[in-house]
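Labels A, B, C and D are assigned to the chains in the order they are written; within every chain, residues are numbered from 1.
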Amino acid sequence: MTRPAEALPTQEMLINMGPQHPSTHGVLRVLLRTDGEVVVNARPDVGYLHRGLEKIGERVTYAQFMPFTDRLDYLAAMNCNCAYAWAVEKLAGIEVPERAEYIRVIVSELNRISSHLIAFGSFTADMGAFTPFLYSIREREIVNDLFESVCGNRLTYNYARIGGVSADLPPGFLEKTKEFLDYFEPKIDEYNNLISYNKIFVHRLANVAVISAKDAVAYGLTGPNLRGSGVKFDLRRDEPYSVYPKLEFDVCVGTGERGALGDCFDRYMVRINEMRQSIRILRQAVAQIPEGPVMAKVPRLFKPAAGEVYFRSECPRGETGFYIISDGTTNPSRLKIRTGSFVSMNIFETVTKGLMIADIVAVIGSFDIILPEIDR
Amino acid sequence: MGLREYIGDIVEAVVTTAKGMRITARYGVDAGEEVTQQYPEERREPDERFRGFLHNDIARCTSCTMCVKVCPVDCISLEAVRGADKKMVLVSYDINIGRCMYCGLCVEVCPPKSLGHTVGYEKAMFERGEMVLQFVHEDAAEIKARVAKQVAEAAAKAAEAAKAEAAKTAAPGTAPAESEKKE
Amino acid sequence: MEALALKLMNAVPALAGVPLWVMTLLVMVVVAVILLVFALTFGGVGSYVLRKVAGDIQARIGPNRVGPYGILQFLADGVKLIMKEDIIPAKADRFLFILAPYLVFVGAFAAFVVIPFGVGLIASDLNIGVYYVMAVTSLVVIGILMAGWASNNKWALLGGMRAAAQIVSYEIPVGMALMPAVLIAGSLSMQDIVRSQGGLLGLFGWNVFHNPFTFFSFFLYFTAAQAESNQTPFDLPEAESELVSGYNVEYSGIRFAFFFLSEFADMFIVAALAAACFLGGWHVPFLRAEALPGIWGNLLSLGVFLAKALGIVLLMMWVRWTLPRLRVDQLMRMSWKYMVPLTFVNLLGVSLWLLLFRGKGIPQLIASVF
Amino acid sequence: METQALFDALKAKFGEAVLELQTTGFRPAFVVVAPASIADVAVFLRDDPSMKFDSLMCLSGVDAKERFAVAYHLHSLAHKHQIGVKAFLPRENPSLPSVDAVWPAANFMEREAFDLYGIVFEGSKDLRRILLPDDWEGHPLRKDYKYPESYHGVKL
């Protein structure tokens, strides 16, 4: 016996995912319109963490803004510090001592590893496997210890300065870094065996939220999200800055090894492989680092000449760009921050159509967004 | 889906699960892998560069207000009056550690290096108002009164000296020689 | 029960005057209380072990503050849950909301009746034992669905619906995977199934070694039963990273404790069934427990049975802390495309084996050669 | 492609709509265009084989004291060159055509500029406030923004 459809009316359901939800990585709110478990539409609503960093930037001096860049992407504060320092140095035309540049590259790459570790760990926790998360936290602690010995803090480093870095590396730091690299490198294989190639895990990620290379470029995705779609573009290689031209590394791209090119699994694997490349960069940088000063001569009353600069650097979550307009005073006239996560959220609504609720979690995890960077 | 693929799927699922379980079992059996630090009993030694609570050694502080100017979040408040010897005397020096973000910019700019980080990081309070570190323990009014008195005394002394000077200049002759002797 | 009551009345002269039905009722209540205490204790100790295992696997320590090695943690948790405010959402369906946790617990607890804890240690050796467990544990799904619906929360509703789909789907592979044991024993009674595995030193008679098909049967049962009792990787109804906490998201205090306990009771039922049907139940290896004098046989077999069951519980926890979670459509596909056909093929294999070798397993065949 | 050549090509194509080239002190250099023609310029920049600016790096609203500006930073993956495009707007009712049909990436950034500067992007597929609450008054990144005393009865 079949019933006419009218006898059993169905209705779409509106669900509020977040701002408090275990796997929205902070205070992201997603308005889900679902047909049972199938998502009809998922509209992200950001801004719960808006602190007006750009407005603050116009109020404080160039040097005073440095601690605020820690609060952009708190999992990769070193990268944000350095990106801001490079941007202001480009604006004011300051030459940075080579040792300082090497130090910046070393701490940036260490921070990239620790950030990718969190991306990996929280992603697997979202997928229901909690154990890898704690392993990744364990490894990250070592990086935090290293950073504490360098700059004194474990999360908000405030290490880079305009013209260099705040302090030289402490004695023994390079040896400890090497030790960490030797310890960490085999762990990546362990992660791969534990979870990356697990059948369930692969099935959860393969062919989910496929983004073609064309779409990825058009939507402005950057960093691992762009490379996951197979676009070989890395600012460290394509717009080299600092001492990256002297260092050898491969640009990891998605290969579509377990599904369509540009799916969640590819984005995930790019991060795993990038950790290996960071290890490679670190080994070279540690071997090459010269002696010398770590701070250029910068006047205490720092007033860059009037002008505009847009500088972007490769952060773990895509490019972090600073658009700084100087009017010749001590404060920037405009300080726009372009972040990878903010742009990634733009494509979210498009790629999540027709997925299941569980996939929404996978997509958020695979973009590796972080809310302070989105809301600024 | 062919039979080969079907069985391959099952085999892959079993093999990858077994691989993962081997790793978790190794950690489960190996007791030496534990990395937990049992916090209140076990404390890790903060590094010497650790940026904990700020501390101002007020004996060395020159009240130059560099730290106040450089602080991005305005958590340092400083009040000073000019003392009798033309140097600034601290009346109050408060750091609101509820606002402080431990960026360390103030420590870097401090000319006499009187401001520094301690390794302390534990501070829980019941009221937000309590989260203010006060470094001058004397009452502000008292200091002001004392300094004002000193200044007034000094001014009076100076005025007296000036008067004496004036008197000497009024009666020239012996006075200049006397002042030279003093020097 | 009646038999036990009669025995008691005969043994203790003081009880001779009590009517038989009163005595039977008394015995029933006592047995029920013992089982209840066991189930609650298992829930508590199980949660402690679960966390300790998690700690070991995750390079942590786990609970270690309450009591020596943190062993009293579950008491602290229990006290906390009892003391907590009991919240019923304003828009919830009050009656169903209150009823649901008890229904879930009853569903899980009722299955304890036919668990063969040892020689003669079974609350009621029903002649449809296996069938009874299958039927009674299905009650859980009604409770979970009720909880999900009555909470008036969309996450809870999704969790309830997932649970309904999942438990109903996995009922079939679970039943089919248990069938080989029933076929070999020729009975649905749990004690009969256990007794049929007693031969050959009490170790090689186990059904899991009977023939290759029963060996696979064990793993198929283990997988399907994990899904039926909502354990990771099949914990979709709870799925804390997707559905926040699923069907029990609105529950707090003692009502939540009931869900929590029934989860552990379910876990034990699954482990106990696996031990009884595949791992020789209470049979002690290299020893005949039935032949031991007096109460020793009972106690030894009880200990062995619990050890086997707890071993399987540990295995479940180990799996739980290793694997990620399936997606809901993959879960269904796994049931209908993989588990169901495989269990059917397996059942066919076992039947053919029994037909071909006249009910003898590989160890028996080897033994018969010598 | 050299900045000057790019500017000349744009000038040849759009004539009066392309106003000036800002080079000294500007990295990357900016082509200033009339706001009304921004969408056409964007399509040309994206599709012309010698330009191929397929990615919009950044779109920012700017408060240039007496007027507003919208700055577009473009990058070409194919040719690996960059250019900035800028359009100046009056302080009263600033509006210009949206480019989110050209680069979908523009949508969120346009919403941000709308939210914080009050610049209206005509023809945008979804122009709502993004970072601030929907009922927020004023546009905080304007230099003449007055900080509110309270929001929904909560003292700020």
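Here, a residue touches a chain if its C-beta (ideal position, glycine included) is under 8 Å from a C-beta of that chain, and two chains touch if they have at least 3 such contacts.
None of these values were measured; they are calculated from a predicted model.
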| item | value |
| --- | --- |
| Centroid-based (C-alpha) most distant chain relative to chain B | C |
| Between chain A and chain D, centroid-to-centroid distance (C-alpha), Å | 25 |
| Whole-Å gap separating chain A and chain C, where each centre is the average of the chain's CA atoms | 45 |
| Mean-CA-position distance for chain B and chain A (Å) | 32 |
| Chain centre separation (chain C, chain D; CA means) in Å | 64 |
| Shared-contact residues (touching 2 or more other chains) in chain A | 131, 138, 194-195, 198, 200 |
| Interface hub residues of chain B, defined as touching at least two other chains | 9, 17, 20, 23-24, 35 |
| Touching two or more other chains - residues of chain C | 57-60, 321-323 |
| Inter-chain touch pairs (all) | A-B, A-C, A-D, B-C |
| Touching residues (chain side chain B, partner chain A) in the complex | 9, 12-13, 16-17, 19-20, 23-24, 35, 46-47, 49-51, 70, 72, 101-105, 108, 117 |
| Chain D - residues contacting chain A, complex | 22, 24-28, 30, 54-58, 60, 62-63, 71, 73, 77, 80, 84, 103-105, 107-109, 112, 116, 129-133, 140-141 |
| Chain C to chain B touching residues, read off their complex | 53, 55-61, 64, 318-319, 321-323, 338, 342 |
| Partner chain D, residues of chain A touching it in the complex | 46-47, 50, 52, 54-55, 90, 215, 217-220, 231, 233, 238, 305-312, 319, 321, 323, 325, 334, 336, 338, 342-343, 345-347, 350, 375-376 |
| Touching residues (chain side chain C, partner chain A) in the complex | 54, 57-60, 154-155, 158, 161-162, 232-233, 235, 239-244, 321-330 |
